[in-house]
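To keep things clear, I will list the structure first and then write my remarks on it.
Labels run A, B and C following the written order; every chain starts at residue 1.
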Amino acid sequence: MILRTLSNLFLALSAVMLALPILVVCGAALNSGRSMFFPPKEPTLARFKEFFFTETVWVTALGNSVIVAFCSAALAVLVAWPLAYGLWKQGGKAAQVLAGLGSMPFALPPIVFGVGLGFLWSFIGTLGTLWIGIISHAALFMALPLVTISIGLQSIDRSHLDAAATMGATGSVVFRTVILPQTMPYTVSGFFFALVLSFNEFIVMFFVSASSYSTVTLQIFNSLRNGYTPTMAVAAITFIVISVAVFSAVARWGDLPRLMGAEPAKS
Amino acid sequence: MNGLSLKGIYKDFGSARAVENVHLDFAEGELTALLGPSGCGKTTLLRMIAGLETPTGGSLHLGSRDITALAAHKRRFGMVFQNFALFPHLSVRENVVYSLVISGTSKSDAIATGERLLDLVQLQGYGDRRVGQLSGGQRQRVAIARALAQEPEVFLLDEPMSALDAKLREDMQVELRLLQQRLGITTIVVTHDQREAMTMADKIVVMSRGKVEQVGAPQDIYHRPENAFVADFIGKANFYDGVVENGKLRVMDTLLETNSPASFINGSDVRIACRPEVPSLGRKDIAGSQLNATVTFVRDVGPARDIHLKTDIGPMVVEYARGEEQQDFQVGQDTIVTLPLDGLHVFPEPRQDAV
Amino acid sequence: MSAVSDPEILANSAPTARSRLADLSLSQLVIWGLILFLCLSPFALIIAVSFGEKIEGASWEWGFSLVNYQRVFVGANWPEEVTFLYLQNLYYSLYYAVFAAVIAVLLAFPFTYLMTGLSRRAQSAWLVFILSSLSLSEVFIVMGWDVLLSNRSGLPMVFKETGLTAWLKEVGWFDTLREWGLANPRNVKFKTSVFATVLTMSYLVWPYAVILLYPPLSRMDRSMIEAAQTMGAGPWTVMRTVILPSVRLPLFGATLLLFVFLLGVYVAVSVFAEPAKQTMAVSVYSAVRGATLNAPFGAAQAVILLITASVFLVLGQWMSRRASA
C-alpha cells in the first residue's frame, strides 16, 4: 500500500519535473514586454499575433519549418521503404549494411553530420537552398520510418502472403493488396516521427542553410546571444501543441506501445 | 479435368529430408486426409501441392498436365490456412472476393459471387463486417468461402479445425464434408486428428517421418493397419512384444492363439496390437486365448467405460460402450480376459530401417 | 525459412544469375548510391577536410597535413609550447555526458518500470507526453531552464522571496554552495555552472532513456516477479535479484547511447557551461562557423568526436544485441 503510494508519487513527480520548464515557457509567452519573466508581467496575447501574423521573420520561418518538415518526412519515408523492404524480404548482410548506413546520421552527433553536409553541399554548390535543407533532414531522420516500417513488415503474418498467392496474386499484387495496406499505419507513424523531429531540428539546418533562410527553431538558435523574447515562447507553445497533437494521433490510430517496442497487444 | 497425382515427390530442407518419395493419386471429387503426427511432413506436402513450396525432386500432375513448375498464383488451388489468414484490412466480403477482384472480375459479378458464397457457408448478411468482429467458426467459414471463390480445381485445407473449440470442431467436420460432397471438388485436408480424418475422408493417407505409411479407406485403415505405427496412431491399441512359436504367439509365459496370417517364420520377433474394444471380460464362451486379469482402474467417461487391467501378458485396457456390457467392475476384482482369434494384429518387430 | 516462398521466383523456378544481376543493377544500385551519398559521404568528407590547411581569410585548401590533429592534441605551437586546451574540451564533453546520461537513466529506470505496469491505455498517454517532450527542440528546453535558473527570475527569485536563501545563510550551507559555485554573495545562482549544464542535459535525454528502456521493461515477464514473491522475496529483494539482473545490459546499453547523444549537445552547453568548461561540440561549431573560422581544424575535432561517438555506439549496440539474444 505504502509502496503503491510511493510509486504514484514518483510518477507524478516525474511528470511535474518534465512539465516544469515547458510550463514556464508557456507562461513567459504571455509577457507584454520584450523580456522573459516568470511569472509574466502584464499578461497579453499580443505575442501570438506577432508570431503568426505580423512579424515577417517569424511568419516566413514558420512557413519554412512546415515545408521542410513535410517534404523531408515524405522523402525520408520514400527512401526508407525500399531499405526496410529489402531488409525484410531478402535479409542478408548487404541489406543490413544498407540499413545501418541509413541509420548512421541519426545515431551520431548531429553537429558532426551537419558539418559534413555543409562541406558536401558547398562542394556541389547547392548550399543554402531550401530543397537542400529538405534533403538533409530526410537523410538525418530516415532512421525513424526505417524502424517503424520494419516493425510493420515484421508484423505481417507470412501465411497472408501464401493465402494471397493461392488466390492468384502475383508478387506485385501481393505487395499492393496485402503488404502495403497492412503496413500503412506504421508508414504513417514513421512519417509523423520524422515530421515532428524535423520541425524541431536546428543544428544540421544551421550548417546547410548557410544563413540564407531560417526555420523557427533555427531563428531562435540564431538569436540565442541576444536573449529570448516572449515571441519565441509562443513558438515553443506552438511546437509543443503540434507534437502532442501528432503523437496523440499516432496513439489513436496506431499501436503506440507496440511501435515503441512492447509486445503486440493481446486481442 | 482429372485427378491430381504426385510422382516421386520429395523435399529437402538443408540436409534434412522433410518428405520422402511420395507417390499418391487424388481421385477427382474425393476428399483425402493427410494424417500424421506433427512434423511428419504432411503440411510440407500440402504446401508443395499448393505451389507454396518447390519440391526438391519428383513431379505433380493435374490430369495430363505437369504442374510441378507452375507458381502458386497460377495453380490457384483454393487453400484454407491453419490460422485462416484472413486479411484484417479487408471486410468479410472483400476477403471472399479477393481472388476475383485481383483477376479483374467486374465489380457487380464479384459482389454477386460474394453473396452466393456467403450464402453457401451460411454467413448471409456478414459481408460488411470486419474480420476482427467474427468468431472462430465464422472466420473458418469466411476462409472456406474465400478459397472456393475462384472455383479451384483442387481445394486444400491445412489443419482447418485446429483453431476451433472441441464441440464446434465436430459440427464443422460434418458440415465441411457435406459441402465438399455437394460441390464434388477434389479436396485434400491435412490433420493430426484421426477422428477428424475418419469423419470426413474418402481416403486417408497416414504419414510418419516424411513417409507414407498406409493409404486406404478409413475403415480399412482402422481394421487392417499395415504396420504398428498405423495401428498405434489410428485409434487406440494395446501393444505386446512376442515371439512366433508354431503358429502361436508367445508373450512372456503365455501362448496366444491367433488366426491372423501365419506368414512369420518360427522364432521371429513380432509386435502384437489389440484394439481395446476387442477383448471380452469375464466370459468363457468365446473362442480365443483366455488370460487371468485383475482390475486396476475404471474410467467411466459416460458413453463408454475403460477397464484397466493387469494381465498375464502385461497391462491392458478394455473399452466397453455403454449398454454393451452391464457388469460391474471394482478395482482389485479378478476376472478373465478373452482375446478372440481374429482380434490380434501381428506385425514384424520394429523395422530395421526405422529410426 | 521454409515458410517464405516468393511467388515470382517460383513462377520461374530457376532464375538465372543474369536476371538477378539485372535486378541489382537497376533498383538496388540507385538505393546504394543514394545512401552512400547522403549518409556516408558527409562523414567521409569531414575526414578528408580534416587533413586540409587553412589559408588566409576564411578559406582553406586540400592537403595532407596532420597539423590540425596536432593542434587538438598538443596545441598549435608544439613543440615549443604544449597546451591541452582542446583535449580539455573533449574531457568536458565526456564529463557532462557521463553524468547527465547516468542521472537520466537512474531516474528513467524506476519511472519506466512503474509505467510499464500500467494499463495499455495509460501507457499510450504517457508515451504521448514523453514523445512530445523528447521531440521538443533543444532551444525550447534550454529556454525553459534558462528562465527557471536565471538570476533575475525563476528559482533564485523563489529562493530569495520564500526566505530560503536567508535560511541557508543561517544554517551555514550557503558558504558550501558558494564553494561549489552555486551562489554569489547575495543569493544562490545556477548560471553558469556544471550543475545547470548537467541538469539541463539530463532533462534533455530523460525521455530518450524512457523510450530506450521501454522495450526491455515492457517485455519483461511479470510472472517472474510473482514467482519470486511466492518464494518469499520482498519488493527490494525482487528488484535486486530479479529485475535488475534481467535488465542489466539494456540499462548499460541505454546509458551508452544517451552518452553518445549528449556528446553532440551544443545549445545547453553554450548557455549553461562556464566559459572555461566548454565542450568539443562547441569548439567544432566555432571553428566551422563561429569565431575561429578554421574549417579543417573544426573537421579534425569533428573526426575525434565522431570516433569517440562511434566507439561507444558500437559498444552500446553490442550490449543491446547481447541483451536481446
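Some observations on this one:
Rule of thumb we're sticking to: a contact is a pair of C-beta atoms (placed from the backbone, for glycine too) under 8 Å apart; a residue touches a chain by one contact, two chains touch by 3 or more.
Bear in mind the structure is a predicted one, so any value in this text is a computation, not a measurement.
A centroid comparison over C-alpha atoms places B as the chain most distant from subunit A. Of the two chain pairs shown, A-B and A-C, the one joined by more C-beta contacts is A-C. The most central chain, judged by C-alpha centres against the centre of all protein C-alpha atoms, is A.
If you average the Cα atoms of subunit B and of subunit C, the two centres end up 60 Å apart. Put simply, the C-alpha centre of subunit A and that of subunit B have 55 angstrom between them. Look at where the CA atoms of subunit A average out and do the same for subunit C: the two points lie 17 Å apart.
Subunit B has residues 47, 51-52, 71-74 in contact with two or more other chains.
Annotation for subunit A: residues 159, 162, 165, 169-170 touch two or more other chains. Shared contact sites, meaning residues of subunit C that touch two or more other chains, fall at 5, 7-8, 11. For subunit B in complex with subunit A, the touching residues are 47, 50-52, 71-79, 81-83, 85, 87-90, 98-99, 102-103, 132, 146-147, 149-150, 156. The part of subunit A that touches subunit C in the complex is made up of residues 3, 7, 10-11, 14-15, 17-18, 20-22, 24-25, 28, 36-38, 79, 82-83, 86, 98, 101-102, 104-105, 107-113, 115-120, 123, 135, 138-139, 142, 158-159, 162, 165, 169-171, 174, 193, 196-197, 199-203, 206-207, 217, 220-221, 224, 228, 232-233, 235-236, 239-240, 243-244, 247-248, 250-251, 256-257, 260-263, 265.
Every residue of subunit A that touches subunit B in the complex is listed here, in rising order: 157, 159-160, 162-170, 173, 177-178, 181-182, 184, 267. The touching residues of subunit C, when paired with subunit A in their complex, are 3-8, 11, 27-28, 31-32, 34-36, 38-46, 49, 107, 110-111, 114-116, 120, 123-125, 127-133, 135-141, 143-148, 152-154, 203, 206-207, 211, 214-215, 218-219, 235, 260-261, 263-264, 266-267, 270-271, 281, 284-285, 288-289, 295, 298-299, 302, 305-306, 309-310, 313.
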